[in-house]
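For clarity, chains are labelled A, B, C and D in written order, and residue numbers in each chain start from 1.
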Amino acid sequence: MIGQLILNGIAAFLTLCIFSFLYKDNPFYKFAERLVAGIATGYWTMLLYHTNFKPVVWDRLAAGRYEYVIPTLLGLMMWTRFSRNWSWVSRYSIAFYIGISSGITITLSLYASLFKQLEATVKYPITFDGAGLSSLLIIIGVLSALVYFFFSAAHKGTMGVISKLGIYIIMIGFGAGFGMTVMGRVALLVQRVIFLKGYVNSLAGLFGG
Amino acid sequence: MAKKLVILLLVVVTTCGMVGAQEAIQDTTGPQVMAPSPPANLRVLDRPNDAGHGLIIKWDCSPDDGAGLKNVTMYEIFRSNSPDSGFISRGIVPAGTTDYVDFDETKPTPEAPNPTFMSVNSTWYYRMQAIADTQVRSPFTNVVSGTTRGNSIHTGKIPIAVTAIVFTIFLLVFISSARKGKTMYVRPLAGINAVDDAIGRATEMGKPILYILGLGTAGDIATIAGFTILSRVAKRTAEYQTKVIVPVQDPVVLAVAQETVRTAFLEAGRPDQYNPDNVFFVTSMQFPYVAAVNGIMLRERPATNFYMGVFYAESLILAETGNIAGSIQISGTDQVAQLPFFVAATDYTLIGEELYAASAYLSQEPVQLGTLKAQDYTKAIVMLYIIVGAIAISAGWVLLRNLVTINL
Amino acid sequence: MKREIPLMIVMVTGIMMFIQYFMPYKFLWIPFVDSEKLFEFLNDWVMVIGILSLPLGIWSLVKANAQKLTVPGERFYSSVLLAGFLVMVISGLRPEWRTGGVHFALFQNVLIPIQATIFSLLAFFIASAAYRAFRARSVLATILLLTAFIIMFRFIPLGPLSSANNWLVEKILTVPNMAAKRAIAMGIALGATATAIKIILGIERTYMGRD
Amino acid sequence: MTFLENLMKIDRRWIYLAIGLAVIIPAIASFTVPVTVSSEVKKIYDFVDKIGPNEYLFLAMDYDPSSMAELNPMAEAILKHAFMRNRKVIIVTLAQFGPGMVEEITHRLASEYNRVNGVDYVFLGYRPYPAITIMLMGTDFRVPFPQDYYGTALDSIPMLHGIKNFNNVKGVIDLTAGNTADFWIVYGNGRYNFPLAIGITGVMAADYYQYLQSGQLFGILPGVKGAAEYERLIEQPGEGMAQVSYQLVAHSVIIFFIVISNVAYFATRRQKKTAGGAR
C-alpha cells in the first residue's frame, strides 16, 4: 500500500516535471527528459534482447540453423562503423537492408495506396440520388487533387483552376483531420488529470482519514 | 463494404464446439421440421494463387433452399484425411451460398502442433449437410476429394506487376531522354524554394540547423527521401560553415545519416569540418525521443528545423516546440494523418508525393527530373482510368473495377 | 568493391523481393526455394541487422553523455541518464524482467507515465497550433479554419442547428475528406514506388555515401 | 500597441492554462453540461422505453476493454434504462476480451437496481466467429449458447422459457468498436429482419450513418456524445456526460481562441490599412 503510494508518487512527480515544460524549459523537465531517455534505451535494449536477439539469432544458431550465420555476420559488419578505415564494410549490410525493404515497398505501396484506393473510387455507380451524387463528387475531388500533384505542368489556365480546386479539397481534408483529432488528444489529457486526482485523493485518504 | 461481405462469406469457421453442443439440447418448442434434401454436385477444386494450403468447395443448392420445403438455413462442411471416417466440421455458411474456401496455413511446430494444417500436395475428403433447424439436418452428400497444389504465379496480382513494369519503362524512357539533353519544366514548390533561404537564415543568425528524420527505419522510402534532402542541406551548411544537428532514433538510420552528412561535407570540399558527434542517437522509443528533441530545440534554439520522413503523433509536439523556439520549419511526410498538423504548425510542408519529388527538385539533375515526368504520366493514366472506370460502373460494366480488385 | 558491389546487392535483393510477391509457391520455379520461406528469411535479415546495430546507437548515446560528465552544468543530468540506462539493462537480465522487480517497477512508474504525459501535451499544442494557424489570412487558411471549426462544433450544443451541423460534418468526412485522402495516398504510392525503383536501379544512391 | 495587437501575439501559456483548466475544472467540480439530443439517439431511447414490461431487449456488448472509455457509458445508460423500466435484457458479447467487463457492469448495475440474474436479465457469454454466432442465434439461442456465462443451462433459466430466437425479442442493440456492426447488419438484420441499433466509437460513426438512411438501423449512438445524450434522456448523468463535459469545455476553449485570433487578426489588419492610407 505505502510502497505503491511511493511509486505512484514518483509517477505523479514525473508527470508534473513534464507538464512544467509548458511554462518553460527548466531543470525538472531536463531531469525527467534525461531520466526517461536512459530508462527507455535500457528498456528497449533488453526488450530487443529478450524478444528478438535471443529467439531469432541466438536460439536459432544454437539449434544448428546455420543459414542464420549470414544475417548475423551482416549485423556484426555494421560494427565496422566504429573504425574510420573499415566503415565501408557496413555498406554491405545497409545494402541488404535497403534493397530488401525497397523491393517489398514497391508492391506493397502499389497494392495498398494505389489499387485499394482505385477500387474504392470506381466501386459505386454515379446515379441520380444522394449516394450517386456523393460518389460523383468524390471522383471530382480525387481527380482535381491529383492534378494538384502534377509536377511537370505549370499550374496555369485550366490546370491552374483544377489544381486550385484540388488543393482546396486537400485543405478540407486537413481541416477535418485536425478537427477530428482534438477529441482524442483532450481525452489523453483527461486521463493524466484523473491519474493525478486519484493520487491526491489517495494521499488525502492516508493523511486525512 | 461489398468486399467485406465477400470476405465474411468466405470466412473460415470452425464450429466443433457448437455442433457438439447441439446434441445435448432438447427441442422444447415448435413442431417437428422435415429434413431437407442435401446439396448436390459437390466438387473440390484447388485454391488458386496460393502456396498449396487451401481448397475451394463448390456445390449446387439443396432443392429445399429457397424452394421446395424452403427450410434450409445453412450448410455445414466436413473434412477428413480419409474417405471413410474422421470427418470434422470445417465451417458453416448461410443458405444460398454455393462455395466455401477451406484453408489452414499455420504450419505445425514442435511447440504448437496443428493437425488441421493443409500442406502442399495433400489430399482431403469432403462431405456436407444442409441444416434446417437446431437438429434437423439433411443426409450427408457423397464424399469428394481434392488435392492442394502450389501455384507458381499469382494471377490475381498481375495488374500490380503490369503497373510496376509500365512505370519502370516510363522512368527509363524519360531518364534516357533527359540524358540526351532534353530540358524539362517542373513547377516551383514553395517548400523546396524555402530550403536554401532557411539555410541562409541559419548562417546569418549564427545558429544551427536541426534535421529530424522521423520515426521510420532506414528501409522506409520516406526516410530514404529524408536522407537525400539531408545530403543537400548538409552540403549547403558545409559551404556556409553552419552546424547541422541530426538526432536519430534508430541505429541503422544513425549509420546512414552519418555517412550521408560525411559525404556531403566531403563533396562541399570541407571534410575536416565534419563532426560525427552532431549526428547522434537519442533513444529508440517515440515519446522519450520527442522529449529529448524538445530539449534540444529549446536549448540550442536552431534557426531552422527540418522534419523529413515518417512521423506519427509526435509531429505536432515537435512542430509546436520548434515554434516556441522561434525556428523556421519545413516539414514533409508520407503519413496522411499527420499532414494536417504539419500544415498548421510549420511554415512549409511537402505533402506526400512532394516529399519524394523533393530529391529531384533539389538536385536539378535531368535524370532526376525525368522521373517526375514518369510519375506525371502514370498519374495521368490513373486519372483516365478513374474517369473511364466510373462511367463503366455507372453503366453496370464491372470489368474495369475488377481489374483493380486484387484478391490476395 | 566499396560502392559498386553494395549497389549490386541493392539491385539483386530488391528485384528478388519484387518477384517473390508474384510467385506464391516456388521462387522462380527453383524446386528447393519456397517463396514464403524466402520472404520470411530475408525479412529476418533486415530484423537481425537492425538488432545487431543497436550497439552503434548505445555507443553514440553513452559516448555523448560520458563526455558531458566533465561539463559542470551537465554532469548531473548525464549521470541520471547513464544510471537509468545501466539499471534498466542490469535489472532486465533477471528472468522476471517482464513481471516484477526493479526493471518492471521503473517501466511502470517512470517510462509509462512520462510517455503518457508527453503524449498528452498534444492537448495543449493542438490548441496553440489552432490559435496561430487558423487565421483567415488566405483562401487556403480560411478553408482549413472553417472545416476544423465545423468539425469541432459537433460537441457544442446548438439546439436545432446541431443536427444541421451533424449533417454537414458527416458530408465533409465522407466526401471531400475521403477524396483528399485517396488522392494523397495515390500520389504517395507513385512517389514511393518511383523512389524505390530508383534505389533499386542505383539512380538514387545518396544514402550509400562516397569515399 | 493596442489591446488587439497584444492579442495577436498572446503568450501561448495563457492558452495552455485555459486548456488545463478546461480539463481540471470538470474533473474536480462535476457539473452537467447542456446536451442536445439527436434524433438517432432519441429513437433508441423511445424504442427501449416502449418495450413492454416482461418484453425482451437483446443487448450485444461486442467490445474489448480497450474501447471501454467510449462504449461502457452507453452500456450503462441502456442497462440502467432497461432496469429502471423493468425490461428484461438478454446480453451477449462477441468480443474476445469482453466477458469479464460485461460481467462486472451487469453485476454492478443489477445490484444497484435490485435485478436478479436469470429473472430480469441473462448474460449468455462469449462465442468466437461473430457472423456464425449471430446466424446460429437466429435459429435458436441454445445452439451457440447451451449454457449462460455462469454455466446454467438456458433451459433451466426461468426468463428464457419460450424464448427461442430473435423472433422473441423486441430488437437488438449492438455496442461495438469493430466490424461486428457489419455482421449484425448483414447477418442479423439482413436475415432475421429484427429492429437493430448500434452504439459505436466516435471515429466509426461517419461510416454507419448510411445504414440509418437505408433503414437497416433505427438508431445510432455515436461515441461518448451518444452516451451523454442517452444519459440525459434517462436523467442519470454518468461517465458519458463527464466525458462530454471535458470535450465540450475543451472544444469551446479552442473555438473561443480561434475566434479571438481572427477578430484580432482582422482588426489589426484594418488598422494597418488605414495607417497605410494616411501616409
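The working rule: a residue touches a chain if its C-beta (ideal position, glycine included) is under 8 Å from a C-beta of that chain, and two chains touch if they have at least 3 such contacts.
Just so it is clear, the model here is predicted, and its values are computed rather than measured.
Colleague: Compare the CA centroid of chain C with every other chain's and tell me the farthest one.
Modeller: Greatest centre separation from chain C goes to chain D.
Colleague: Counting C-beta pairs in contact, which chain pair ranks first?
Modeller: Comparing chain pairs, contacts are most numerous for A-C.
Colleague: Counting only Cα atoms for the centres, state how far chain A is from chain D in Å.
Modeller: Result: the chain centres lie 28 Å from each other.
Colleague: Centroid from C-alpha atoms only, then distance chain B to chain D, rounded to Å. What do you get?
Modeller: 31
Colleague: Rounded to the nearest whole Å, what is the centre-to-centre distance of chain B and chain C, using the mean of the C-alpha atoms as each centre?
Modeller: Going by mean C-alpha positions, chain B sits 14 Å from chain C.
Colleague: Averaged over CA atoms, how far is the centre of chain A from the centre of chain C? Could you give it in whole Å?
Modeller: 4
Colleague: Which chain D residues sit where two or more other chains touch them?
Modeller: Those would be 12, 16, 19, 23, 247, 250-251, 254.
Colleague: Would you please write down the residue numbers of chain C that are in contact with two or more other chains?
Modeller: Chain C, residues with two or more chain partners: 18, 21-22, 46, 49-50, 53-58, 61, 111, 114-115, 118-119, 121-124, 126, 128, 130, 132, 134, 144-145, 149, 152, 155, 173-174, 181, 184-188, 190, 192-193, 196-197, 199, 207-209.
Colleague: Where in chain A do residues touch two or more of the other chains?
Modeller: 18, 21-22, 30, 32, 34, 36-37, 39-41, 43, 78, 81, 91, 94, 97-98, 100-102, 105-107, 109-110, 114, 118, 121, 139, 142-143, 146, 149, 170-171, 173-175, 177-178, 180-183, 186, 189
Colleague: Using the definition of touching given at the top, classify the network of chains in this structure as line, ring, star, complete or other.
Modeller: Graph shape, chains as nodes and touching pairs as edges: complete.
Colleague: With touch defined as at the start, can you tell me which chain C residues reach chain A in the complex?
Modeller: Residue positions touching the partner: 2-3, 5-7, 9-18, 20-22, 41-59, 61, 76-78, 80-89, 92-93, 97-98, 103, 105-124, 126, 130, 139-140, 143-152, 155, 171-190, 192-193, 196-197, 199-200, 207-209, 211.
Colleague: Residues of chain D touching chain A in their complex?
Modeller: My answer: residues 13, 16, 19, 23-24, 27-28, 69, 202-203, 210, 213, 223, 243, 246-247, 250-251, 254.
Colleague: In the complex formed with chain A, which residues of chain B make contact?
Modeller: Against chain A, the touching part of chain B is residues 2-3, 157, 159-160, 163-164, 184-187, 189, 217-221, 224, 251-252, 255-256, 258-259, 282-285, 287-289, 291-292, 294-295, 298-299, 336-337, 339-341, 343-344, 351-354, 357, 372-373, 375-376, 379, 382-383, 385-387, 389-394, 396, 400-401, 404-406, 408.
Colleague: For the complex, which residues does chain D have touching chain C?
Modeller: These residues of chain D touch chain C: 10, 12, 15-16, 18-20, 23, 33-36, 38-39, 206, 209, 225, 244, 247-248, 250-255, 257-258, 260-262, 265-266.
Colleague: For chain A, which residues are in contact with chain B within the complex?
Modeller: Interface residues on the chain A side: 18, 21, 24-25, 29-30, 32-34, 36-37, 39-41, 43-44, 78, 81, 87, 90-91, 94, 97-98, 100-102, 105-107, 109-111, 114-116, 118-119, 121-127, 132, 135-136, 139, 142-143, 146-147, 149-155, 170-171, 173-175, 177-178, 181.
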